[in-house]
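Labels run A, B and C following the written order; every chain starts at residue 1.
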Amino acid sequence: MNPAEVFHVLYLIAIVAEAMTAALSAGRRQMDWLGVALLGSITALGGGSVRDILLGRHPLSWVEHPSYLLITGGAALATIMVAHYMRHLRRLFLFLDAVGLVVFTIIGCDIAIGLGLPIIVVIASGMITGCVGGVLRDVLCADIPLLFRAELYATVSIVTGCLYAGGQWLELPHYLVMLGAMLIGLALRLLALRFGWSMPKFVYTESLH
Amino acid sequence: MNPAEVFHVLYLIAIVAEAMTAALSAGRRQMDWLGVALLGSITALGGGSVRDILLGRHPLSWVEHPSYLLITGGAALATIMVAHYMRHLRRLFLFLDAVGLVVFTIIGCDIAIGLGLPIIVVIASGMITGCVGGVLRDVLCADIPLLFRAELYATVSIVTGCLYAGGQWLELPHYLVMLGAMLIGLALRLLALRFGWSMPKFVYTESLH
Amino acid sequence: MNPAEVFHVLYLIAIVAEAMTAALSAGRRQMDWLGVALLGSITALGGGSVRDILLGRHPLSWVEHPSYLLITGGAALATIMVAHYMRHLRRLFLFLDAVGLVVFTIIGCDIAIGLGLPIIVVIASGMITGCVGGVLRDVLCADIPLLFRAELYATVSIVTGCLYAGGQWLELPHYLVMLGAMLIGLALRLLALRFGWSMPKFVYTESLH
């Protein structure tokens, strides 16, 4: 496999992992089976879709490749069967979820770079691709998005995007930059999970009104 | 009236029925009158708008036909006056809401077929048109969307879309396929309401984190 | 400064004020610092972005001017530092927030007028630009949008839009119409805040199902 093929396999692993973790969220809200499949697809494909809509790119990935709808919906449904064993696979899933975050981020950056957009938009595009799926999942579960409250999720995406865009700007070898940005982003996310790192919180108790 | 005109009348009945049921949701959250009108318009026109944005179609229906904004906002406001009597019209409204679901689904499928999109996207387009309005309504009411938790709403939309797209693919007469898909979808929805049919639920109580 | 430059300065003040009030909302939900910055940017730039997506206009303002992302995210972060003193600036912020509402409304109307859209869509475009940012903020905080429940926010936007579009239609001098619509809208909002004006509410306690 050449690097592009490896990356595509990583993308497929990422959307499956995101759909499966979304299915567990759905199960915690006692959604029905179709709701589980829908929430899985929306979470896995929502980040890329929102990015393309914001950037005015068409067709969306799942319109061009409808198999992505079947893969993500199917992965979410399969989760119902294996949910009982997922406790034992907890670490594997957190790892795959982190892989998904950096893979999505790189894809989002790449697309914005390909459109010739400024670097701030490149990093924003990576973060939207990496994080918006989880925001949609939380909004549809009527939760305050975890992204805004906990974990270094968005931070990892920004760091990965900065490294990737910066390396491109320095004209370093493409796949080396990609690999480096992904590994550093992945390490940061896993360390944050391991040691419970988080951003400082802003606590404000008064009302403006 | 030719079949296309009949179908347009059904569409107008559908957006009015969706706006009126949204108005009752607004009333349950004690929204103000303008909020009622806005929630009515968003619920009735939101599914088609999201579909067009996802498929990259412009202008949106209410940009081309602004009267739809007045019709749906007006229907929602009128609901405030007649809410007292709606209890007695409960069955009529559930029936009209079911008509709306299948009509919206057929429209969504038709548009995707017209764009030459693959059958999975055709069915997704029908389901988005039929169901997303209600999802927007529930998100704006800070609820977990009913779609994900109860009733055969999305299922009815998928069945209707499969029958309609399948019949087109078999090159059966167009209006016969449309009528058949709508009647079967409608019957399924009404039977589900009558007998309390629902999809099995996925209940998961552990946290991955 | 010519009137267009004055208006651009008002726009910058408006996005800063919206980002800062969103930051206080974020603080009430104990979001982390990055969440504060993101919620600030989404609230300040979300109304214009949704308008452009609905009308099919690209690129979005922050894609063309990425500095808006830095300004709004930075203003939200700066709010963390000055939050302690914001109690004393309460009236200033409510005033700037009201200025933002009418400025955003005028911008939204202007864009729709420039696209030759019908007057109902012009007013809807103004209201979307003025109000959707706050709706996104509330949805991401898992609240029922204030817009639907309280204050004359959307009403002020509709009145401002009607005056502006009506004045244009009557071919009155452009900047006079703009100034008049803004001042009347601003006065209405400030009077509503001062005297606690609100729209009547629709209260409905029965379930349709």
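Simple rule for what comes next: a residue touches a chain if its C-beta (ideal position, glycine included) is under 8 Å from a C-beta of that chain, and two chains touch if they have at least 3 such contacts.
All values derive from a computational prediction rather than experimental measurement.
Enquirer: Examine where the copies chain A and chain C touch and state whether the two sides share over half of their residue numbers (same) or under half (different).
Expert: Answer different: the two copies use largely distinct residue numbers here.
Enquirer: Can you give the rotation angle that fits chain B onto its twin chain C by Cα atoms, in degrees and rounded to the nearest 5?
Expert: 120
Enquirer: Could you work out how far the Cα centre of chain A sits from that of chain C, in whole Å?
Expert: 30
Enquirer: Taking each residue of chain A in turn, which ones touch at least two of the other chains?
Expert: Each of 53, 139, 142 in chain A touches at least two other chains.
Enquirer: Which bits of chain C are touching chain A when the two form their complex?
Expert: Against chain A, the touching part of chain C is residues 21, 23-24, 26-36, 38-39, 49, 53, 58-60, 62-63, 66-67, 69-70, 80, 83, 86-87, 90, 93-94, 139-142.
Enquirer: Looking at the complex, which residues from chain B come into contact with chain A?
Expert: 53-56, 117-121, 124, 135, 139, 142-145, 147-150, 154-155, 158, 198-209
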